[in-house]
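You will see chain A twice below: alongside chain B first, and alongside chain C after that.
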Partner chain A sequence: MSIERISRGVFVTLVLGALLRVVVYLWLPTLAGALDGRIEISTPVSSYRRLHEGIFMYNNGIDPYAGNTVHSSPLILAFFTVLDRSTAGLNSLARVNQARLAPISVQVVYGIVDLTAAYYLSVIGSLMTETDKFQNCRYVIPNWVYSAVYLFNPFSLLTSLALSTTALANGLVVISVGLAVQQLAYTSVVLMVFAGSIAFYPLYWLIPLGAICLDYQPKLAVVKLITFTLLTITLMGFICQLVAPRSSWISQTFGVILTFGELTPNIGLWWYFFIEMFDYFRPFFLGVFQVHLFSYTIPTTIRLRRFPIFAFTVVLALTSLFKSYPEIGDFGLFYSLVPLFSFTFPHLKYRFVSSLTIFHAVALGPVFHHLWIYLGSGNANFFYAITLVHSLGFTILLIDLVWAILRIEYDGAQDNTVVQI
Partner chain B sequence: MRVSYLITIIGCIVSSFVSLSLARDSNGEQATEFFRKFPSDNGAGHTNNWAVLVSTSRFWFNYRHMANVLSMYRTVKRLGIPDSQIILMLSDDVACNPRNAFPGTVYNNADRALDLYGENIEVDYRGYDVTVENFLRLLTNRWDDDVPRSKRLLTDERSNIFIYMTGHGGDEFLKFQDAEEIGSFDIADAFGQMWEKRRYNEIFFMIDTCQANTMYTKFYSPNILAVGSSAKDQSSYSHHADSDVGVAVIDRFTYYNLEFLESIDMNSDKTLYDLFASYNSDDIHSHPGFRTDLYPRSLDQVKITEFFGNVQKAQIDQVEDNILELVGKRVLAIADENIEQKDDFEKLPVNDSTEYKYEPKTSINGPVLLQEVSSKWNVWLAVVAVAALVASSSKL
Partner chain C sequence: MVSESKTEIFRRRAIILSFILVVALLGLPLWLSTTTVPRAALPYDRMEDIASNIVSKIHIDIPVYLSYTGECPELRQLVQKQIDSVLNPHWHLTLHNLGINADINPNDYSVSIHHTENENTFLVDPVGKSARINYSNSTDCDGLSRFISNTLLNEVFASEIALFRDLTSTGELSPELSAKVAKISSAALTTSPLYHLTFSLMYGGADPIAWDIATALEDYFTPLRRQLAPVVNFTIDTQVQVLSTLSESNLPQYNENEGAYVLREQDLATFVNYAEWSLASIQTYPTINFILYVPSKSLTPLTISTIQSSAQSSLSSSASFLIPQWGGVSLFNLKLSASLADHDYISAIELKPSLEVFASQLLMLLGAPSAPKSPIMRIGLLSRIFTTKALISAASTLGSLTRLAKSLPNIAIPSSTLYAANSALDLIDDALAALSHGQWSIGVVAADKAIDSAKRGFFEKSMVQQMYFPDEHKLAVYLPLLGPAAVVLFSGLLRLIKELKFKSKPV
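Let's turn to the complex of A and B:
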């Protein structure tokens, strides 16, 4: 992978991002633990606290997947175990405050992933060719803005500070797309599969990723790519099995995501249904919800194949909206990708409505959760209603963007105030 | 015949005899072994304790009988017998009696320091339910099906029962509720039935009435230890009266028993011999007697807690949790060097600081072991494999 010469703006942004994370780590040592407790930021499948427990159990020879605590994939478990063993000395040196959730090596890993992803966002921004055919659509935003949005937007920042594994997965997804744009299709596939092993749904995003690869590398052999993808998935599965033999890791990792095993409230749409559902109907609704989610992938990719990165963004957004354990990190990834399509902003019709609805929902969501759980004066309906409002605002934004892209695709978004009589 | 054949045959016969003699009742052996290995105490052989506390008097002027029984109830509860294993029979007409100047209370001492009635007593038979028939049915467990379990004496052959009776009695009789009486033969026969039905391991029968010792003369069942407050033609006297309550509040025999028992706690090793030795007939104003011929063990090997306390698997430690007392003891120890201070702090388990050490251990006994997993090469191989995959894919 070629690392181009980083422009000054991007470099400064990366440095500031790193600085922010370092300062927060030193100044607020207990922040990770506190954030990890919030359901908007960490879910049972992505919580670092559970991963930490899994590492401890693994080191002591106990099967981490025997109980219902650890839902992280064996690859991540293996990676962090290796990290822990090899940096034990560094960790004990840097242990300034016992109250930290994670040792410094883990923080460094998250920081590196964040910074690399931010860098690759700027790469994507600079290499995007989607609107070269339309002369009205110029990229007016400098490259460092993409990095800044990824590093500093509160959704992805909080996810990264809470050390949720979604931060790793999202970072890997961005790097993967960046590599695809840089014409390194196979590596991007590997990284996307790796991200898919951390959280399951990036595996769905292999389809729009394929569209991106084909768009940026027209001479790519499709069959070879597909077989390589399948091979990679199988290989990752074997490696997972190598790490955790004789244990039920599939049912505890992918099984929980697919069958909605852990029934805790989150900012998604599933938990409210499944809490009140009779067991008889559970398989049916699980099937419906999962198929519904997958059903957006292929048609969107096909329809928006001329804008493959945009197709990827739309698929990502729809997946984040309808997945079983969403968190704000997923939405943060979408918001980080939106500035790439700044050329659509003049054509958005509902900017005001969507942004205000989203602000409203984001502000009230934690309030209603607090009201429900801690004060006992609200109830689950408050919280769920506000997540529905958030989904509404998010959907309005998404639809608006799609409309703008379709408009641009139709006629290059020319100024058509001339009325044809 | 050859000598070797002879020896073989003799050896077979002898070995068969030996093996037959060795083949004893294995179940009984196992049970004995169990009780030997886990003795409740001194190999006494009991696994649970019950108490039957009966006050056979009613009306206000028999306040002291109520106080007697409630004092015994408090002692027995304090030493560990739970309410579910105590049968308390009272007339219960004293605490809320209109003549009670301290309503809702029963005191056994003029200083009124201890309210025996309290908030937490469970009376199983109250008022006119305290009858001879109920008492005998209780002992022999002959009830209709609708009698609740709390009113039954649910003992088994491993139960030690402490039976305490107080009231007005005479030569081989005891007055129940001013209307009827129970005789010594009745109680003896009830105990006989209990023995036949294996309803007790050992019984400790204590009775505080006039001419109490006559009540136990007719017992014939084994494993019964009896003590009475006064001999034939002797009365038992009350100890003192409270001038504000207006009546006598405790009987002498019970008072001196309590005086001894208040020094006992759950872990005490004091024996019944010590208890009986503490009786002073000059103080009691009567001659207490006891009957030990039916009792197999000698009194100095029977701990008081075997009847008054409960079998416990838990060791009660001596840790003083009242901080003021602890500090006080320390202060006193400093002030007076002669006081031998039993240092309770040493008894506390040492609590190492639990700093979380993130060091991989070799193995611990966990629920599901992945022993081969915690070896080093697995995870390293996985990480290397992924890295190799990423690197090789860039060459494609």
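Let's turn to the complex of A and C:
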């Protein structure tokens, strides 16, 4: 299937997105650093500041994983090191402001990934067949909206401006899904594995991604695809080992994500629990939390087999909800995918409740964090409570979406009196 | 309701199964591996054996060489017999004849027996490890052997025998012996392979003062340190503190008779001004403090009045006393004639008497009796006493570990504990073997390592931690989260089983 020509709407959106990033880069040089310091926007595993530290150590022949600072994937570390060296001239030409978090070349890479992902989101929107299955539910929105939501929704935008590596992983994930929809299954798997090397959890999403690939490419050999996926993962591990030989990169990247090695507050559900945890039970409950997170992946994919992109979105949302180091970028990715299922919107039951709860939490979260950390007039409970509220609102939205899809699957949403399926 | 199609039924079952498989394949192994209490199989029999029989396993055999050229051919056997009748095999002397021309090994005990015109006398070498016995004509072989054994048991090895009897309590101590032992052991610090020594110059005045302590230590203290090296090691620091005034409550009074300020003996206990002199130690191992106290010029000269003071001490410029289990104090009076403008400087030579006092105080603080004068004998004694103490302590730690492990079936025994216990047992065996072969310094090192290993095993951090969680508590921790999840899982599983049962029967 050939890629359709970029429609005018999408083109204008992409230009505006690029323009916004350039303007912010030129006029707000310290913004990235300030955003990087916010726990809602960057976590220890995604912070660019730590990656930058790693690049510096790598360039100076120090093992970046020897300390307990750098948790970025060796692949991304190597990529940015090479970028740093090859664009040193460009960066010095741009007369980098010392207050800036990153040189211009890095900003360009983030921008390119963002724009590509936004473009692919519009491709997904135009190619996805979920809508075709239910002609009567068609609820058409123009393609540029998908791109616009990705480029301008504040969650994704702030994550991208903070240069959190989650922005890169999210971009790769969207591109990967776009390639799968375009029947390029193998390339898509490679990109997803690359995203997995950055943020780990995209490796789980290979399962719903496989469902997407099979749905759009029915002639694909399943065994071949699985073998290829495993080979790609092995290759990724091999390359990482090559980049960071004789170092503890596994325990410092995936290990920290899996064992919640850096116990700092974030907007997730883990940190408070593990602060209160008796040391003895810590390994056990780490296992429980991780198994719980993984346990939804396969059943969700099976249950929503007929809507693989939606299954992918649900798995992604559950991961964002239950992962060890969530940040607003994870939720931003989910919100960017939700417009793809605009045909479900008329059947949502709690639009008002869920959106207000989320707004409430988003407004109060930074406030409570500020009260706790800087003013000392609030305590950790305030902040944790508001993250619980956020999770609650997010869960309501997710359940509502799943309900709407199942409702449509059941009888095409003909009978509005159906309250239980 | 629309009835489920075949594919839908299959899909539902696949979902239930996938949940259960994740729990069974990932969850259960995780649960087992993270919560199973590791219990390594400790060598209980060996540990209990060592713990209860350590005293009877100690066999110290000290060779003593007799150098004798007299008329009693069987003298060695006679003396040996008499010694055997008094000593038990746990602490024993074995006599050997030294050939006429053979050299005496300075590391071995030797007794040289000489003929004299006068009455029987003995002389214990104040420096080496030898004793000299002079016997008169009138003494026959039997009498001579009795004299030799008496000299050995009641003079040369008297304190050691007393200390050893006290340690191993193989016999009732006579009141006089136990008083002796109490005097020795009350001054001693806890046994450790490493001590920290702090030499402090405390000056009561405010003017600058200096001392050549580095040279003095090198010259007068290092030889002792070298000799002690096989038994104990030291880290050393020194400090100078001015304005170290005595506490107001016991300022010394001027005594016209002596022409000096006199500290009464009862004031010595409060002499060290712990509140104001910074003497706190940051070491994890025991610290011994040596204080050279230089009184301010308004209190010079300062002396200590003791009971028998009038005779001897008033003239001595350096008086000293021992603070049991803490350290020693020596007074040093500056020459008043020196002009005040000069920087007061205490040279190494001037420090010599004080350092010699400190050296002998150190031996007492380590638990060496004052009886054999010879430092080399006292060090030999120390090494055996240290080894014995360390062995008993290591064995009792192993015994505690055994009791702990057996009485608490829930307690974790990590492999590090097993390793530590095994190495402690092996080291104890090594030390015991070294003792019975007369290799004192090897013995003391092995025993110190044994005590270390035993403690490492007993105080293993992860052992204690899990004791706070009896099984009821675990249930309380698991249920709130896992209970609801388990209910959902099991109800799904039950439904699946029910369906499969119905399917097999005709409806």
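Quick notes on this structure:
Quick note on the criterion: the second predicted complex is superposed on the first by the 408 of 421 C-alpha atoms of A that agree within 3 Å, B and C clash if a C-alpha of one lies under 4 Å from a C-alpha of the other, contacts with A are read in each partner's own complex, and residues count from 1 in each chain.
We take it that contacts are C-beta pairs under 8 Å (C-beta built on N, C-alpha and C of every residue); 3 or more make two chains touch, one makes a residue touch a chain.
Predicted model only: the values in this text are computed from it and were never measured.
Chain B and chain C, once both complexes are superposed via chain A, clash. The larger set of touched chain A residues comes from B, when the choice is between chain B and chain C.
By the touch criterion defined above, A:A195 reaches neither chain B nor chain C. In the superposed model, A:L184 lies in contact with chain B only, and not with chain C.
Of the two partner chains, chain C is the only one that A:F284 touches; chain B does not reach it.
By the touch criterion defined above, A:V402 reaches neither chain B nor chain C. In the superposition on chain A, A:L115 contacts neither chain B nor chain C. Here chain C runs into chain B after the superposition, and of 74-82, 164-172, 344-352 or 470-478 the stretch doing so is 344-352. Shared contact residues of chain A, touching chain B in one structure and chain C in the other, are absent.
Put simply, chain B touches chain A in their complex at residues 355-356, 358-364, 366-374, 376, 378-383, 385-386, 389-390, 393-394, 396.
The part of chain C that touches chain A in the complex is made up of residues 11, 14-15, 18-19, 22-23, 26-27, 30-31, 34-35, 465-466, 468-469, 477, 481-482, 485. Contact residues of chain A toward chain C in the complex are 278-281, 283-288, 291-292, 294-295, 298-299, 302-303, 305. Against chain B, in their complex, chain A makes its touches with residues 1, 56-63, 66, 74-75, 78-79, 81-82, 84-85, 88, 91, 98, 103, 184, 186-187, 189-191, 194, 228, 232, 235-236, 239-240, 242-247.
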